[in-house]
């Protein structure tokens, strides 16, 4: 089992090396299977890592022969172990689903490169997750933003290029801010390793108060842009709408989350919550999160395009997560982390479903979805599960996260924010349920319409079914995961 | 570029540029330079070759597949070499240690030299790919 | 109007950052926090640890090789993305 | 044998799923199956009472909140018996009625599922389980509301969803707030909250108001009542059952649970919540009556009347003495029986003649004497004239008001009774005394037996409960003693 | 305040950073945006390198007379910025590629016009 300490690094290396191999391979099918099998291997390795962490506790892993402040370092605690399982397994499901939709959405010459980028994207996200070195994180951030942008423009349409440009510009803006934040931190601590920065910061925090505020502010805005925090989310709807569905699923469920996790690491590990509480940043994050919860939902309500609506719903859900972080207490952080998981499951399923529907009926309009529930019962069944989870009906994952948010709000003595939570979940209901209603009940409006849409094969539906089961499982028995999250939060 | 003067001078200059690039790559661990800078210079020489030889038949064609293969193989090589080092270092395995070599000689830097070469190849072909794609939309 | 606004914004943004700078350490001073035990060890032991006279190469290829690996991958990702964007498919050529 | 509790809840839901999968050859066969399912379920309810040794069941307990727990107590027995009996009547009524509405498959599927969910609420043993079924109730009744599928129905359906989810969200917030002051939410006779200190008082008031408004949405408390009248676009059996029994009564039932079984009467008294929620209730009673008076559409008039009558029940609940609680629970039963009768009668008129407004039904009493006769009896009962059951419950409500030395409530009750008379008597008068220009068109056309028999039986119950109120009253008095 | 004048390298780099940032944010022309991005990145490199500079010391290439820790500047920022430069180059290349494609598809590289035309 001692070898398990190497697994996180091994995961990153396997993903990188397998994606380097893909462009050389001759057949698309081989690329697909290589991609899936490497990700599946990583799932296994992540599970073993979690087992190892449960046995031995969190551990530091030096990459190469040199100790921490000199060499790069990975830190794997409960949080990283859980999240890497989530990342890899959701990526595996999305990859599996993309086998059936890639041919339809992506030109053949690009399919191999698409999987290359996906592999690198996943590896870079895991790199951001594991790395205990802030500059290392920056490199992976850049890699992930290029790769993420690449999987948006892989569909060679006019709108995709536009969305890609928007995404790349804002994304590099964010990276610039993050790098400047790193520069400020380096100039006052002389370290890049997260643990060592924290040690130094504790010593010099009174000397450089303004620098700390501005540095954390730069991180907040920079990572906020990348993870679509409310006022700077403007790239997200375009990117998520026009990208191929599997890319949208990856972007929404994993890419955004990696940046948020990095932000959590920066608050709790680099600065330390005691220092952060003396700075006025968390309040702003809290308010932005709350505003995002409401406005994201309102904007989603106004959309006519299915994927665009789901994208705006992502803005709202990201608002929840930032809101949880902004509360600044343990329960809030736990709620945020739990929501990261439940939202990743739900949103990836929703985007895959949207992809299936759009592929079948050749339209993105919500108003054209009438009666589709009868033609694609399984797909829409999973959609119902996801929507109920989003609305926060008990027995689904979304309820648990909402419940945790409520507890966190009460714990932090800001009871008025419960109103925001209530309003936001109501708005969620308002834009998800009409789709279901139309899908199942709007028969009168569909009498003269004949769709040729049929359910996809069971193999293609397997990923969303698994996701649906995961959502229900998280809804029914969240205890184990909450315990793990509690452990990970206490070990941050 | 159909200009005899440029072509002839280019023919003469390109080898020197390439030798300079190779020198920088190989001496990366001894003097300022290394894979990135050397690779860029090599890449520039390839671009220059393409520029001046484009209209003529004598151009040495570098196929897309070759470019991809070179890049990917170098990356894999880099990954394997460094990955081996990472894992042996991080996992503290008592496996075969790569010798560090004697400071000051070209073939000294232990693993640094092959790494620099791999990086050099990657950068070289990257620069070349960028150029050709921006120019014609094909490699 | 827009120009004035953007100039004002820029000035505001810069002055916010300069606030942080004004309490930073002095330029070129050997006692700055940035020049601490980390860089000392690189200089002291770098040659012995990595076998490279050029400490910078030693850092990027050995001490912090993981960064460089990521960096090479960034380059590769850029190549792949540029190919995706710009390469014309066969029928277009 | 504790799992017996689960059968009445799960059996209808399973049956509903099965209905959706099986295709019935004829209408009759489906009707027979549906009827048998509902009757069997009634027997299952009885069986659960009879044979479940300790009537409680811990189904799932994954963490401190997600705790699905069923318990049968006297209030649950009262409610579940009421629901399952009325469901049988409605089933027979709708076999006939739904013939002209169409899409019977979907109707009976959700109709049956709703029974299970409602019984789930009746048997819920703690707050979370109740909340769970409360959410599901919205989801399963929603297809019934939008049954016709028309654009208007869709709009109303969305309205219904909005209101319901708003209420449920408030309830959830309330549970979360409550969670902070203790984690045991099983329903217990005198409440689970024992101590109220000055510090937690404000929070408790706030929490109670959240619950009140949250469940009040379903119980149509006034600022949140608008969904109820609009939901009358649904077919009559749906309006009658859901809006006289299942949905609104679930709101009341949940409020009872929260008030007496979670907070406890003593705590509610201490925190003086009546000053916060009382005005709403009074407003509900008066506004409901006044608005009912202005409606021409018969179903809408009945809907507003429901709002006002629900106000009575809630008033009884929040007065917090034994008599008022007895009156409230009594009225819960009585109003259910009366209102369902009224709706059935109006539905019968609509079914036979297609007439919907008061002007149209001139002289209908001569054409459909039995139906309108029953209507009159029920109406008289609703106004509260002895010897009908409405009188009994109002008597107790008034007693409760007097107990509290608050004559104002009695005055409100009387005023509203007058208003009730004012909006119901004209219907009877128009029906039976059309005036001189009325020419009888057809002789007798009372509805078919399937519809008529439930109406007559229910009317008989109305009278019977008025003559022998002790049948129910004794049982309710025991409940009242148990909680105050 | 005097610190700003003594640290003129860093002050200049911050000013450049602000200019680059705002160019990237506000300008409509995509090429100018990319130029802004490069100014921004370069200013950060300048900032980092200035942080690593120690007056009157040599570049960290250790030749025969080893001068001890006191003899050389801080090598870390230099090493980091090598990485940073390559990253910036990659992003710039990708952005330029996208700009070319945008021009092919929309016939303009003004972002506001593209957004207007884009519609859906």
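Letters are used for the chains, namely A, B, C, D and E, taken in the order the chains are written, and counting of residues starts over at 1 for each.
Note that a residue touches a chain if its C-beta (ideal position, glycine included) is under 8 Å from a C-beta of that chain, and two chains touch if they have at least 3 such contacts.
Bear in mind the structure is a predicted one, so any value in this text is a computation, not a measurement.
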{"item": "Chains touching both chain D and chain E, listed by label", "value": "A"}
{"item": "Most central chain, Cα average position", "value": "A"}
{"item": "Chain located farthest away, centre of chain B as origin (C-alpha)", "value": "D"}
{"item": "Reference chain C; chain at largest CA-centroid distance", "value": "D"}
{"item": "Which of A-E and A-B has more C-beta contact pairs", "value": "A-E"}
{"item": "Whole-Å separation of chain centres (CA-atom averages), chain B against chain E", "value": "24"}
{"item": "Inter-centroid spacing, chain D versus chain C (mean Cα positions, whole Å)", "value": "69"}
{"item": "Intercentroid distance (Cα basis), chain E paired with chain C, Å", "value": "8"}
{"item": "Two or more partner chains touched - positions in chain E", "value": "17, 21, 51, 61-62, 76-77, 80, 82-83, 86-87, 90-91, 93-94, 97-98, 100-101"}
{"item": "Residues of chain D whose C-beta touches two or more other chains", "value": "none"}
{"item": "Two or more partner chains touched - positions in chain A", "value": "16, 20, 23, 63-66, 71, 135, 139, 142, 146, 149-150, 153, 161, 164, 180, 186-187"}
{"item": "Pairs of chains in contact (touch as defined earlier), listed by label", "value": "A-B, A-C, A-D, A-E, B-C, B-E, C-E"}
{"item": "Complex contacts: residues of chain D adjacent to chain A", "value": "60, 62-63, 65-66, 128, 131-132, 135-136, 139, 142-143, 146, 149-150, 154, 157-158, 161-162, 165-166, 169-170, 172-173, 176-177, 179-180, 203, 206"}
{"item": "Residue numbers on chain C that touch chain E, as the complex places them", "value": "2, 6, 9-11, 13-14, 17-18, 21-24, 26-30, 32, 34-35, 38-40, 42-44, 46-47, 53-56, 59-60, 64, 67-68, 70-71, 74-75, 77-78, 81-82, 85-86"}
{"item": "Residues of chain E that touch chain A when the two form their complex", "value": "17, 20-21, 24-25, 30, 33, 37, 40-41, 44, 47-48, 51, 76-77, 80, 83-84, 87, 90-91, 94-95, 98-99, 101-102, 105-106, 111, 114-115, 118, 120"}
{"item": "Of chain A, residues touching chain D in the complex", "value": "388, 391-395, 400, 402-403, 406-407, 409-411, 415, 418, 421-422, 425-426, 429-430, 433-434, 437, 440-445, 476-479, 482"}
{"item": "Complex contact set, residues of chain A against chain B", "value": "3, 5-6, 9-10, 13, 16-17, 20-21, 23-24, 61-66, 71, 74"}
